[in-house]
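Below you will find the structure I want to go over with you.
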Amino acid sequence: MEVKLQVENEILDKIKHTFHSAEVSIPRKQRVEVKLRNDLIHPFLAYLKDTLGFKHLSHISTVDWLEEKEIELVYIVMNYDNLVEVIAKIRLDREKPEIPTLREFWPQVETYEREIHEMYGVNFLGHGNLTDFILEDWEGIPPMRRDFDTVKYAKETYFNRPGREDAQDVRTTITKKSGEEIPELAKVYSVRHLE
Amino acid sequence: MREKETTIYLGPQHPGITGNMMVKLKVTGDTIVRAETHVGYLHRAFEKLMEARTWLQCFPIVCRICVPEPDPNEENLSRVIEEIEGREVPERAKYIRVLVLELSRLATYLLWMGGQSGSMGLYTMPQWTVGDRDYILDLFEQLTGGRVYHMYIWPGGVRRDLPEGFGDKVLKVMDYLEKRLKDYDDLLFNNALFYKRAKGVGVIDKNKAQEWGVVGAPLRGCGIKHDVRIDEPYEVYDKLNFIVPTYEGGDVWARAMVRRQEFEQSISIVRQVIENMPGGDFYNKIPNPLNWRVPPGDAYVKTESARGEFGYYAVSDGSLKPRRVHARGPAYVHGVSLLERILQGANIADVSFIMNSLGTCPPEIER
Amino acid sequence: MISVPVILSVMFLGGVLAWLANRFVPKGASWTAAIIAAFAGYLVFALPSCGGEYSLALGSITLVWKSTNYSALFAMLVAVLGFLGILYSMDFMAGKKNLGYYYMNFLFALGAMLGIVYSQDLVSLFFFWEVMTWSSFMLVIYSGEEKSHKAGIKYFAYSAIGAYLILSAIVILYAQSNSFLLSENIKMFSGMSLGTQIMVISFLALGFGVKSAMMPLHVWAPEAYKESPSGFTAVFSGALSKMGIFGLGLVIFKFAANTEIFGYVRETLAWLGGLTAMLATFYAVIQSDAKKLLAYSSIGQLGYIIVGLALGTPLGIMAALFLTIMHGAFKAMLFMTAGAVYMRTGTTSLNDVSGLITKMPLTFLTALFGIISVSGIPPLGGFISKWMLYQALLETNHYFLIIVIFIASTAAFLYLYRFIFSFFLGQKEKEVEHVKEVPWSMLVPMMFLTLFVLFAGLFPGVILDPIGKAMGYLGNFKASWEPQVVFSAWGEKINMQVIAGTIGTIFILGALFIGYKNKKATRVVSTKDIHTAGEIPTENENLTYAVNFNQPFERAIAPILKWSVDKLFNLLGENLESTFEYLRYVYTGNGQTYAMYVILMVVILILFSGSIFGIHL
Amino acid sequence: MDSSTWIKILGYIITPITAFVVGVTYGGIVRVITARVQNRFGPPITQNFWDIIKLYSKKTAVHHGLMQHWGPIFAITASVTSLFFIPVLKDSPLWLNNSFNGDIIFLLYMMVFGSLGMALGAGQTGNPNSAIGVARGLALMVGYEVPFVLALVAIMIQFKTTSIAELMAVQDGFSNWLIFQSPFAFIAAILAFLGMMHYAPFDVTFAPAEIASGPASEFGGKYLALMQTSGSIFTFAKLVLFTDIFLGGAGDLVTLIVKTFLLYMIPVLTGIVNPRYRTEQAITFFWKWPTVFGIIAILIVVL
Amino acid sequence: MEVSYDKESRKIVQAIERFARKHSLWVLAYGTGCGAIEVPPTMTSRYDAERFGIRGAATPRQADVLLITGYLSVKTLKRVIRTYEQMQDPKYVIGFGSCTINGGMYWDSYNTIKLLDMYIPVDVYINGCMPRPEAVISGFIELQKVIAEGKAEGARKYKENLDWYRANQQKIIHNWNMPDYNW
């Protein structure tokens, strides 16, 4: 089925016209994806919001690209009139991720930025309230970074029920106790089998 | 130096709070000067755990993101994977998915009716609605094997086909709910006291609503017609016949009336789905679930849950496990920044009332 | 031989003595004043309740001073409260400046009050009335701060209006009767023309109403009560405002009783009193300063008294006079409590202090008995007056007035609870760690009054004896009582000892039970260990709910308050303030200048009124 | 001592015990009725007894100061004293206790005694929720006292008495019950009674979802037990008072229980199907229609 | 309290007390985890836990049972400990769901505890993820049995082993600003 992407193409053109360095693509209907230089995100979102009518901030997401030493910030904004969502992506240096805050555009950005600061260690300049949001008294590297090993941390910090400390399949314990065999199918689906 | 305003902790251990969160109120008299939402009591690091599990192992996790209505999460994760992978879903599976989603919406609305009336002291209502919700949970149990968490919607379709005679049972429950809706009207929606309590309380400014990130019933209660089912139709919603109710006012009353209308609409959707249920396959089988790699890419999908737009952003790097799955529930905005804003100047008596009308659900805020 | 002039000269000379003593001996003023007040108090009680007559002829004017049963009642109130107030002031005022000035004015005010009640002629009545006004005015502006000046000017302005009205009435009376003697005037009053009667009665009622803070003439009271030192506020509210009641009693039963308009006068006054009680209570509910709250409460209680007097039945008058005594006691207690808190914490704001119960247990006890008594909860003295008042209202068929009174009485719980809660209950904060109980000289008056209200509740008859005699002076009123039993006109009676016995027995049984049960496993924990929903509050978070305590009620009465007269009169008061602004320029810091101005004003007023009515002295 | 003294002493013992048993059983029945309305089976009728016994048998107790320790005692003093001054049964020396002529006004104030005591106890805890509950409770009291007193005044004027016993004597025979003689007074009083019983829609004082049960939030163990005991007795006392005034009192216990139970059902059934008002809404409710009915009642008597 | 009444009457009193405790379980309104979603069905018309004398209580001072409905994050654990310590003896804890027993599906999460009884004494566990209302009720009946036998001595256990519990608690709660346990 041929999908008409008239609205999307219009937006694409406008963005390309204004921000020459942006890579714009249309992954599917109602989506426009934009890859930007770091310093352009502020004017870009201002342009989207004030000129193109993208009033609704749907989402701010973060992806940790450990191998590339980068942290990707994904802003998703939506226009209620033509129902198109723009996905804007920027990449920050993983060692010192810093970006100005967007609080003045949308009040709820505060929450997103607090969470990203807490979970990824991204510093939002001028935010003013980057306090504890979800975690309390967290010490060490931000937990959502990929080099944080949650299994190791959990084992070191918490007590484990005896029989679980080796993270073995519970079913083996159960079968041992009850004297039953593990069905072949279940063996195949075991996690340990995977690795 | 001691503050002038009195601090009142509403939660985490408080009968008036929805779930496990805290609203710290600074009050003078019984007027709230400032409200701060504190979350994180339910943080289980789901997004971290998902990065350590295969794509299919993520399904038991996502359904626990929002406890009262797990199905939009499963739907979202399935759809985000399907979109990255480009996997087709059989028509029958789409209908079954809509059926599950709408049943889950009905169950959530029943729970909401209970919470909304319980927060203003009408204790008969939760007893009725939560009891009636169990009929829907029974349907789920027969269909999926789980009362609360279903893990039923999978990439490529659903896990099982509908059992024998399931459609009739669903229709029977729908008839019952329709009958009960009259009782609910008598007890709650037509109660003058409810009107007095709800009118003009917790008002969201219509002009600011979109900018503040309001979605779902609160947005429609401001008179703005926005529903993902219509704006960006997923599954088979474009083939179904239903209306999106809106109300003016932006207060608790408007939200309640919107939800009440949607309750009726959902019943009608379920009926249509059962009526039009096509035959055929229910599952576009994925090759080897243990060695199933999703091609690299990212996607953002959204679903209209009972509390509003539920979005998932997922990134795959081509490995067995997701690179990143990020859930954004409606409560992320409703429960924190919006709640703090509209509680300013409200009465202490209305805090729990307003929270319930916004559909605040802490587990989806902190995940 | 004790006679009225002796008492008065003891008081006035004592005042001068105290002023002098302050010059030479540190603490001399307070001791002198206490001894003088004690001595004068003894003299007042030793004076035969009917007698001590003394007359002095000054040209054509004859001054007559004499004790009657009616005046004896008020004199005793003044003497006791005066002594307690001075005793209380000894430590309360210790270390403050101008103590000689304070005690001198205090004793002058006491002397003037005694002079008023003993006066049997209009000239000395008016003279003492003015002395009382300006000596109390001096005490209102005692602190010398801007606020107290404002309050003082407001008080003075209203008092001047009141004095002018009284003076006009006196002048009119003199024009008709050609005599200043009270008895002469009363005798001839019924023969005067209706217009004169109305004018005299309304002038006198309004004039006395100012002092008893009858709405709408109450505007001065909250500020003045707040600004005056607490030792004097106790007397101010407890005794000085009763001078208005004393005068109103005379007006109603001596002047108006024999006229045709007797019924109208009583109805008007009763409704004014009732509305005063209700509105003042509502205003008290929304106050956030303890002394202002008590001031409004005082206005409201005076409203009850006016209602009781205006009913004109034996039970009503008995209720009013009993309440006069009781109000003197419990309002003095509460003002003394507020003063004690002020002394130890430096504030009377209900928002700032909390949790003093463990620090000042005896003060708390006083406050507790005070509020129980004010609210009229059995078995303390306040209840009996309320009971009599309701019975009187019922027997005179004041159906709607009783509702007004009852609303006022119920709403009183709101502010009374707030008073005791904010100061003594609630969170114990670090700011009050250093607080100690007040010294004995302050505790003694408080404890004495506490015991008194308890005694009054158990043996109301003992206090009703002098009241009965006083009623005999006012008219041929007969009411019956026994030491523990009070009767109503419908043949109903209330036995206070049965009530107190029941309450006491059950309370003691309950206390024993709850003290004995699980005694070892019962712990006292700090007020920080409360249910905060599992959270641990930080240091600077305020857990006391004190600011705008009564906001739910405030919201409900907002429509009533919006239309009330108080705002209007506040506005008027503001304007009056600016009118009297010039007074600030002429204020030189000592009392003499003021006295001069007052006398000057009196003279002007006399001349002015003289020119109207064509009389020349 | 002569026999009348002994009867009186016996009455002092029997009255509170009966009130406690009846009051607690009523509480149990109410829970069952509520459950049935809510499509449930409900607890056994004796459930409230077990609750109270359990609370008494709590091994530890915590209080924040003397007033909290004494607060429940104030409450039980007020409820038992009120009961002692209400004639429970007509013309029965055993059940008359201390009732005297002129007791209505006394009772009006005595009933407040307990509230004030509880308020002091709740204030001592330092819990802001308790204080808010107290502020709400006292404000609500001002609300419902207005129609209540209007109704009582209408009756007191009509029969020129302030004594319950005399009012009971007036209501001789079914048709002479005050509910028929002055229906408007009854309507005003029964509406006030709704507020007095603190059932929805007038349960602002204890609203759990708002202020975590308000004044009672720091009371546990023996203190809560004593409060509940006192509450049960007080409920019975209020019911008896209303029965005496409006339903002609009762000559024997069975009649009394039937009448009080029927009366009790009014607030209970209202409460089951209604949400709660906000405080100011509740107060203004009482100052509207109930007050109008009360004024009509007085006007009828006067004119 | 040692009172001088004889053994027989003490036995009777004890029996009554146990019976009352058993038949009056007030559950603290605290939804610590996702299990809270099955508490309303348990309490309401279909399963009606009030038949067994189970009802909600608003504050810890009044409650008897602390229902830990699921996993506890570290942040919640602190509040749970505070709440538990404010409850009055006798007090019971029910661990609800697999995650309180051994961490359940959150065995590798960095923010949830895996073993509830290392931090507070637990009387009864209900397994399942999540347990059905029937299971919850059967858990309560198990608790009633334990109470009837007089073995529900969690409060005593906690008091006697306070140091051990404190050490475990302080191991994961870094900012320990809790008031002292006052028993």
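Chains: A, B, C, D and E, in written order; residue numbering restarts at 1 for each.
Here, a residue touches a chain if its C-beta (ideal position, glycine included) is under 8 Å from a C-beta of that chain, and two chains touch if they have at least 3 such contacts.
Here the structure is a predicted model, which is why all the values come from computation and not from measurement.
Peer 1: Give the chains in contact with both subunit B and subunit D, ordered by label.
Peer 2: C, E
Peer 1: Could you tell me which chain lies farthest from subunit D when each chain's centre is the average position of its Cα atoms?
Peer 2: Computed centres place A farthest from subunit D.
Peer 1: Most remote chain relative to subunit C, going by C-alpha centroids?
Peer 2: So the farthest one, by centre of C-alpha atoms, is A.
Peer 1: Counting contact pairs per chain pair, which pair wins?
Peer 2: C-D
Peer 1: Quick check on this structure: which chain has its C-alpha centroid closest to the centroid of all protein C-alpha atoms?
Peer 2: Smallest centre-to-centre distance to the global C-alpha mean: chain D.
Peer 1: Need the CA-centroid distance for the pair subunit A / subunit B, whole Å please.
Peer 2: Chain centroid spacing, subunit A to subunit B, equals 21 Å.
Peer 1: When the C-alpha atoms of subunit A and subunit D are each averaged to a single point, how far apart are the two points in Å?
Peer 2: 60
Peer 1: So, what's the distance in Å between the C-alpha centres of subunit E and subunit C?
Peer 2: 58
Peer 1: Centre to centre, by mean C-alpha position, how many angstrom separate subunit B and subunit C?
Peer 2: Once rounded, the distance between the two centres reads 64 Å.
Peer 1: Find every residue in subunit B that makes contact with two or more other chains and list them.
Peer 2: In subunit B, 6-8, 12-15, 30, 40, 43, 45, 48-49, 52, 127-128, 131 touch at least two other chains.
Peer 1: Which subunit D residues touch at least two other chains?
Peer 2: In subunit D, 38-40, 58-62, 128-129, 132, 135, 204, 208, 212-213, 217-218, 221, 278-279 touch at least two other chains.
Peer 1: Using the touch definition from the top, which residues of subunit C touch two or more other chains?
Peer 2: In subunit C, 518, 521, 523, 525-526, 528-529, 531, 533-535, 543-546, 549-552 touch at least two other chains.
Peer 1: Could you please write down every pair of chains that are in touch?
Peer 2: Once each pair is checked, the touching ones are A-B, A-E, B-C, B-D, B-E, C-D, C-E, D-E.
Peer 1: Provide the residue numbers of subunit B that touch subunit E in the complex, in ascending order.
Peer 2: Of all residues in subunit B, those touching subunit E are 12-15, 19-20, 40-45, 48-49, 52, 60-61, 64, 67-68, 111, 114, 126-128, 130-131, 133-134, 137, 147-149, 363.
Peer 1: Spell out the part of subunit D that touches subunit C in their complex, as residue ranges.
Peer 2: 56, 58-67, 69-70, 72-74, 76-77, 80-81, 84-85, 98, 100-102, 105-106, 109-110, 112-113, 115-116, 119-120, 123-129, 131-132, 134-136, 138-139, 141-143, 145-146, 149-150, 153-154, 156-157, 160-163, 204, 212, 217-218, 221-223, 226, 278-280, 283-284, 287, 295, 298, 301-302
Peer 1: Give the list of subunit E residues in touch with subunit D in this complex.
Peer 2: 16-17, 19-21, 23-24, 26, 29, 44-45, 48, 50-53, 55, 58-62, 64, 88-90, 155, 182-183
Peer 1: Hey, which residues of subunit C end up touching subunit D in the complex?
Peer 2: Answer in residue numbers: 354-355, 357-358, 368, 372, 375-378, 383, 386-387, 390-391, 394, 397, 399-400, 402-403, 406-407, 410-411, 413-414, 417-418, 420-421, 425-428, 488, 490-495, 498-499, 502-503, 506-507, 510-511, 513-515, 517-518, 521-531, 533, 543-546, 549-553, 555-556.
Peer 1: Which residues, counting only subunit D, touch subunit B once they are in their complex?
Peer 2: Subunit D residues touching subunit B: 34, 37-40, 128-129, 132, 135, 200-201, 203-204, 207-213, 272-279, 281.
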